[in-house]
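Look at the two complexes coming up: chain A is in both, with chain B in one and chain C in the other.
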Partner chain A sequence: MIALLLLLIPLATGLICFGLKQGNAAKHFSLLASVATLALALVAVYTPTAIGYDTAWLSDLGSRFTLKMDGMGKMLCLLTAVVYPLIFTAVYRNEYKNASAFFGLMLLTQAGLMGVFLATDALLFYFFWELALIPVYFLCSLWGGEKRIAVTFKFFIYTFIGSLLMLVGLLYMYFQTADHSFSINSLYAVKLDAAHQSLLFWLFFVAFAIKMPIFPFHTWQPDAYEQSPTATTMVMSGVMVKMGIFAVIRWLIPMFPLATVQFSNTVIILSVIGMVYASFIAIRQDDIKRLIAYSSIAHIGLMSAAIFTNNSSALNGVMIQMFNHGINVIGLWILADMIEQQLGTRKLSELGGLAQKAPAMAILLVVMALANIALPLTNAFVGEFLMFNGLFRYNIWIAAVAGISIILAAVYTLNMVQKIIYGNLSVKTENAIDLPLNIKFALVIIALLVIVFGVFPQPMIELTKDSVTALFVKK
Partner chain B sequence: MSKIAFLVPLFPLLGFLVNGLGRKHLSKSAVGIIGSGMIFLSLLASSYLFGMVLFDSSPLAGGKSLESVVTLFNFIKTDAFTIPFEFQVDQLSILFLLIITGIGFLIHLYSTAYMKEEEPQHYARYFAYLNLFIFSMLLLVMGGNYIILFIGWEGVGLCSYLLIGYWFKNGDYNYAAKKAFIMNRIGDLGFLLAVFWILYRLGSVSYSEVFTHIHQLSAADITAITTLLFIGAMGKSAQIPLYTWLPDAMAGPTPVSALIHAATMVTAGIYMIARSNILYTMAPATQTLVAVVGLATAIFAATIALKQNDIKKVLAYSTVSQLGYMFLALGVGAYTGAVFHVMTHAFFKALLFLGAGSVIHAMHHEQDIRKMGNLKKYMPITHITFLLACFAIAGIPPFSGFFSKDEILVAAFAKNPLYYFIGVGGALMTAFYMFRLYTLTFLGNFRGSKEQEHHLHESPSAMTFPLIVLAILSVIGGFIGIPEVFAADKHWLEHFLSPIFAESAKLSEAHHLSHSQEYIMMGVVTALIVSVILFTVNHFKKFSATDSGEATGFGKILANKWYIDELYDKAIVNPLNAFAGLLKNVIEKTGIDGAVNGVGKLVAYGSRQLRLVQSGQVASYLLIMILAMVVFFIVWFNDITITKLVEKLF
Partner chain C sequence: MNAIIVSAILGVVMMFSGMFTKHKSTITLTAIAALFILLGANLLNSYGIFSIQVNTHELLYFNKLGLYFNTILIAATLIFVLLSGREIENVGINTAEYYALIFFVLCGTTILTSFNGLLMLFLGIEIMSIPLYILTGAEKRNLKSNEASLKYFLMGAFSTGIMLMGIALLYGATGSFALSGQSVLPPSVGIPGASFLQAGGLILLFVSMCFKVSAAPFHFWTPDVYDGAPTVFTSFMATIVKAAGFFAFIKVFDANAALLGPSWKILLSIVIIATLFVGNITAVFQRSIKRMLAYSSIAQAGFMLFALYSYNDMAYQGILLYTVAYCLATIGFFAVLMKVKDYTFDGLNGLAAASPVLAFAATVFLLSLAGIPLTAGFFAKYYMLASVVKAGGALWIVIAAVLFAAVSVYYYFKVIQSMYFKEGQPELNEISTGFKVGVLLLAAGIITIGVLPSIVLNWLYF
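Take a look at the complex of A and B:
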């Protein structure tokens, strides 16, 4: 029942939101709704047993409305539930034209995300996958920046091609099941030969790789992150990229174990190339948002590589990093958005000296930056440590090359910090003021999460342990 | 006994939190008391632990050894391995704890006066960073495994970043701070790879596990692990080729330099290798590498120091050089000697930096020694203590540096006489640049402006007290390690540390030079050093304001630090930047994104040609795709079930 409510609350409130009058009503309503969802998610996380829900749906097609919440599901639902109140708090002072539609679409996306992380019926999964994506197209194309139409188009084509490939693969798998069912267990039970597996592996993998994204399927992302309204960008980079990672773990690997073994090397090498490649590009970015986007690509690359190392500790690392990366990157987006809103620029070359004008902001930026470079005792360290450790066991040289990104992360992150808060004031930063209360609140929460999970990562590892074990048993 | 171990790092952490969070509300004196007081409490706790360890290793304990490792909680636990958050308090770590908290406390005390002109808020920020620095360093040496060590390891990197860039308005300082962090990160990658390697082979990173299961490692494993760890040490302890951050790190306030150079940070690499001594003893190839790199750094940095005119730069390069000697000691297996030199160096280098700070304070932020002179007249305490430190670092008996340096050089001789002779060459250069610095600063005529001269004054007692304490330590600190040649069995430090290095000692044959040989070596070296000092003092006493002091020829190369920074920029930084630009502007834009856009355009073009839809809107493409999908399906499956499916759907 909790699982169902996690879905229904955002869905229902999202729909109600459309009907609200313009002005602040939608803002307040959606904030309340997201807090309610968060409370529910916390209950779910603290429920020791697995949570599920099952009812008939399209029984003619062999599809049931089945939700199940294992450790990974709990954690990602928690992530989805945590980030929404943070985002709504952080953008509280932003004015949106047609606000009720904006917040309605945001909540619908949340419903879609919850569904993706909960569904154990492939058709249902696909349905939610699209439900999560479609509102984003509208959010980008209606509330985005100058180049929003072109960028949304690109984003749409990319993800839609991915979705279609996945649908084709899904339907094929459906016809292979013994009982013509979309249920996850029937799909897992399908035993294909290696040749078929490798074809299907790529149908699914490309869909998920686009979502993550993995090099070279990534070019939609910096553009989309740059042009979308920041609230949407936060959802995309904080949570939606995890859809791809999640789907690889939940669906791809258990369905195609032979192909996974066969293509591990390819995926890992692509991911590691992407890590180093994106890190290098991040060094040369002058635009804060694009810098964060490339930095995020580098971080996701590590997660993707770690999944395929066939190492359970690395998978533990992926699990906790999915959560931590989501939190941390949102912290960076909040800061980037605040700078842009207040100073009218995102260019590092036009900033400087903010430590004098906005000390609170400077401190929080430094905390987020440290998390971004995975300093020990920030939440990102443990995940990265476990993942690099897995990569090292897979191949020392690949780990060493991937390790370059550790150094480069320090280069671009500290460069960003330096150009924003240190040095002398610029024309644009002369009249800067410190963080407004709502943003400070959101960032302080994030900073606390960064440190608490940095010092005590174990609860998160315990939470997701069953999912790690399950994957290794299945294989 | 170790139950109270957690208090040692807890106090500085509290100080950091209180001063950091309360920086807008606390008065300066409150900040100073909290900042210094917390370190003092930490010093008390460390002293207590020291007493326990001392008792434990004495016969009084009756052979009942107490547990040295205390686990607080499990930091990371997976199915494959467990990394506890554990502290290890034994002879090695307690020694470092005393150095860190003792000298750290003196530096805090000194800072209360030195930083007085700062605004309250920044004053508090300064002390918060300083406390965090001590906290990180304490974690580093107290950690019972490589990961806790790494937490502190990265922590000191962060704190040095924050403190070097403390005056954040200055762009150069920020650049120096960033450089320090990034250079350290390069080393950190090596360190991390070593940790992965250990974890891979042994399934644990705890010292107690690793060092007892070392026989499970192959020789190749050990060589690889030790080399990678050494790369980490190169970054943290400023060895060739990762040393260039340290001289730039003097951009921070002078007490910070004292902290970085003496008590914390740079000694981390030495500590880590001394801690891993058994690994290094079993990897002779790496030992040679360590010795050679250490020796090369010792000489190389000394040559640069000969020609520097900034009082702090001379000291900075001397630190790099002295660290080189410590690595030489590690490389020849003289682990006690390395730790001994860490300790004596901590005394006299802290004293030198704090003395320099006192001078800079009096000179109103003038750091060029060519513009000083005759300061002994105005600053008697600073002068005397500085002179004593110079004797100590130059290695004049019986000052502390003599004993530790002698121990290293004797061990080096036993390993390879060539090490010894090069090492002595470095020692002579040390005597030269230190007494050049001393003479130009304190002797001769005052060469600054009239106004500066008018304001010259001795520093307040909060600053001179630490100088006096450190001077006493610099003078007598060497007596804890009296070599056998003077008195048999009087080397207290060696006895104290023997449990730590016991396994290594078993594996390495003891070299003993004959006493007469040792006396001759000692006598000759001392005579040479004394003559260099006399020559230097005499020579630079006559230095006048009209001497430009500009270096020419080879001296210019030295003055410009062998142009290493320029070389790194040209050979590494710029090409990498260009490569990044190539990826960003060419590969990403026209390559990958170009291809993607090309495909997109092709689709758009095709659809226009087909004139199925003319709007060019997203919706129409969607339609095309769905249609294409359906066609695709029918062609692919061509199965009765498809028809059934379609029937059901519509």
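Take a look at the complex of A and C:
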């Protein structure tokens, strides 16, 4: 029942939001709704037993409405639930035209995300996969930057092609199941020969790779992140990219174990190319949003490479990092949004000296930046350490190349910090003031999470342990 | 039998209704009432409560599927008249005749759902087509409408000729009009090259049916005719008539396809891919939404052809669902489009601000046409693709189809972009509250079917 409520609360409140006449009412209502979801998610996380919900849906098609939460599901639902109140707090002072529609669509996206992480029926999963996409399309196209229409369209077509290929793969798998069903266990039980596995592997993988995104499917991402309204960018880069990683672990690897072994080298090399390539581009960026976008590609590349190393400690690292990257990147986006709202620019070359004017912001930015570099004692360190550990055991040369991206991450992140908070004041930053209370509140919570999980990562590892073991048993 | 007889009688009734009243809205109301009667008559037949019995000497055969298909088509026509009755009145002065012709078309479609031989197939197609030639040219003073009508008539007559030639060859080879293709000739009567004649006949039949459902490369009439015809009749032609054509197409080749051997699948694959290609790619480049919809209807035909490719239970369920989803969405979208004065993409700029209800409903219709999940259109495409995979068809054709579906997203979403993301002042016709409620209900129906497609399919079994 809790699982169902996690889905229904954002869905119902999202629909109610559309009906609210006043923008402010919608803002308060959606904040309240997201806090309620968070409370529920915490209850779910602390429920030791398995949580699920199951009812008949499309019996003709062999599909049931089945939700189930394992450790990974709990962790990602928690991430989705944590992120939303933070986002709504951070954008509390922003003015959106037609705010009730904006917050309604945001909550519908949350419902879609929850569904993706909860569904254990493949067709249901597909439905939520799309449900998460469509509101984002409208959010970006309606409230985004000037090039929003073309950019969002590219994003939509990309992901839609991916979804359709996945649908073909799903259909094929469905007819291979013994009992003609979409349930996850029936799909896991299908034993295909290697040739079919390799074809189907790619049908699914392309869909997930576009979502993550992995080189060379990433071209939609920097533009989309840059042009979207920042609240939506936060959802996209904080949570939506995790859909791809989650789907690889939940669906792809257990269904096609032979093909996973066969292609793991290809995927790892693609991911590592993406990491290094994105890091180099990030160095050259002048726009804060684009810089964070490329840095995000590099981080995701590491996660995707680590999944395919076939190493349980690396997979543990991926689990922790999924949560932590979500938190950290949102911290960075909140700061980027704050700078843009307050100073009217996102260009590093036009910023400088903010440490004098806004000391609180400077401190918090440094914390987020250090977490982005994965310095020890920040939350990202544990995850990246475990993932690199796995990559080293897989192939030392690949790990060495991937290691370059760590150095580069320090280069571009510290360069950004330096240009924003040090140096002389510029025309734009002369009249800067410190963080407003709501943003300070959101960022302090994120900073606390960064440090707490950096010092004490064990609970997160415990939470997702069952998913990691399950994957290795299945293989 | 009920639907055939009642629709023919009601057609005559509608024709004479113009003599008793000059009020166009009264005529529309009469037509709506008549459609309810027709729907009722067909339902009585479906549930076996009352049916008119005529000995047709096995020329007609009524089964559950056909009768259900009738129900769908009549209900779709009813929705069409309810939403767009005002536009039918605006076409010209002969409102009563337009309705009469629509009923005659329905008579043709009801024959097409129940024919049991090639002769009745031919009659059904003709009864359905001839009123359409007239409806296409209903705007007497519009040159484009005249041109479309003439073009449609000439091409239609030509394809009818091909169909007759095919039927003649088949009759010559087997000595019967039966759909099974079994020869009834005594073995002593030796026809030289009988199987050759039969294959030739089937190919000719195939070509003419491809023409009727506007499958490439026999689609060239479609954009001109759909563009030239009065928009309200384009909506009717692109949905109800086309669906009936498909039903007949599937029925004819159900038993016969085996006679063509493995080449049948190759032939069909080429036609399907060509149809998807031409429809989708050309639609991308259109400036006028009406013309874009003409090409998109070709593209949708490509998807419906998958039912012929697979021929299994999912194919029949799929074609039903596809008909429902496609008819509802297209009728709805045309109804919205007719409220706008300018049919170019730019003509819809800013519709979301000018009329949020219309824009929302239109968005649902377009999402359904594009096959986005949570709309009826998704399950329509889903069943079609699933039927091919189930039939063990080549996976490449399915992959090609979904890639074309992704292309279709491009042009459908361009309309959404115009409505929501671009600024403008669209010129709108008068929109009544009833119309708004109507399109919203239709949109709600599409979403409901998109979540629970079984509500359409279960009817087939009860």
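In this text, the second predicted complex is superposed on the first by the 475 of 475 C-alpha atoms of A that agree within 3 Å, B and C clash if a C-alpha of one lies under 4 Å from a C-alpha of the other, contacts with A are read in each partner's own complex, and residues count from 1 in each chain.
As a convention for this text, a residue touches a chain if its C-beta (ideal position, glycine included) is under 8 Å from a C-beta of that chain, and two chains touch if they have at least 3 such contacts.
The structure presented is a predicted model; accordingly, all values stated were derived computationally and were not measured.
Q: Let me test your reading of the model: by the given contact rule, A:D179 touches which partner, first (chain B), second (chain C), both or neither?
A: A:D179 sits against neither chain B nor chain C.
Q: For A:P376, using the defined touch cut-off, is the partner it touches chain B, chain C, both, or neither? Pick first, second, both or neither.
A: first
Q: Which partner chains sit in contact with A:L167 here, chain B, chain C, both or neither? Use first/second/both/neither.
A: both
Q: Looking at the overlay, what does A:L131 touch: chain B (first), chain C (second), both, or neither?
A: Only chain C is touched by A:L131; chain B is not.
Q: More chain A residues touched by chain B or by chain C?
A: B
Q: Could you say whether A:E146 touches chain B, chain C, both of them, or neither, answering first, second, both or neither?
A: Once the two structures are laid over each other on A, A:E146 reaches no partner at all.
Q: Could you say whether A:E95 touches chain B, chain C, both of them, or neither, answering first, second, both or neither?
A: The answer is neither, since A:E95 touches no partner chain.
Q: Quick one: classify A:D193 as touching chain B (first), chain C (second), both or neither.
A: neither
Q: After the superposition on A, what does A:I157 contact: first (chain B), second (chain C), both or neither?
A: both
Q: With the touch criterion stated at the top, can you tell me which chain A residues are shared between the chain B interface and the chain C interface?
A: On chain A, the residues that contact chain B in one structure and chain C in the other are 60, 141, 153, 156-157, 160-161, 164, 167-168, 171, 175.
Q: With touch defined as at the start, can you tell me which chain C residues reach chain A in the complex?
A: Going through chain C, the ones touching chain A are 317, 367, 372-374, 382, 385-386, 389-390, 395, 398-399, 402-403, 405-406, 409-410, 413, 417, 420-422, 452-454, 457.
Q: For a test of understanding, state which residues of chain B touch chain A in their complex under the given definition.
A: Contact set of chain B toward chain A: 73-81, 121, 147, 150-151, 154-155, 158, 161, 165, 168-171, 174-175, 178, 181-182, 185-186, 188-189, 192-193, 196-197, 199-200, 576-577, 579-581, 583-585, 588, 592-593, 596-597, 600, 603, 618, 621-622, 625, 629, 632-633, 637, 639, 641, 645, 648.
Q: Name, in rising order, each residue of chain A that touches chain B in their complex.
A: Against chain B, chain A makes touches at 60-61, 137, 141, 152-154, 156-158, 160-161, 164, 167-168, 171, 175, 180, 216, 219-220, 277, 280-281, 283-285, 311-313, 316, 353, 355-356, 359, 370, 375-377, 382, 385-386, 388-389, 392-393, 396, 399-400, 403-404, 406-407, 410-411, 414-415, 418, 421-424, 456-458, 461, 468-469.
Q: List the residues on chain A that touch chain C in their complex, please.
A: These residues of chain A touch chain C: 57-60, 126-127, 130-131, 134, 138, 141-142, 148-149, 153, 156-157, 160-161, 164-165, 167-168, 171-172, 174-175, 199, 203.
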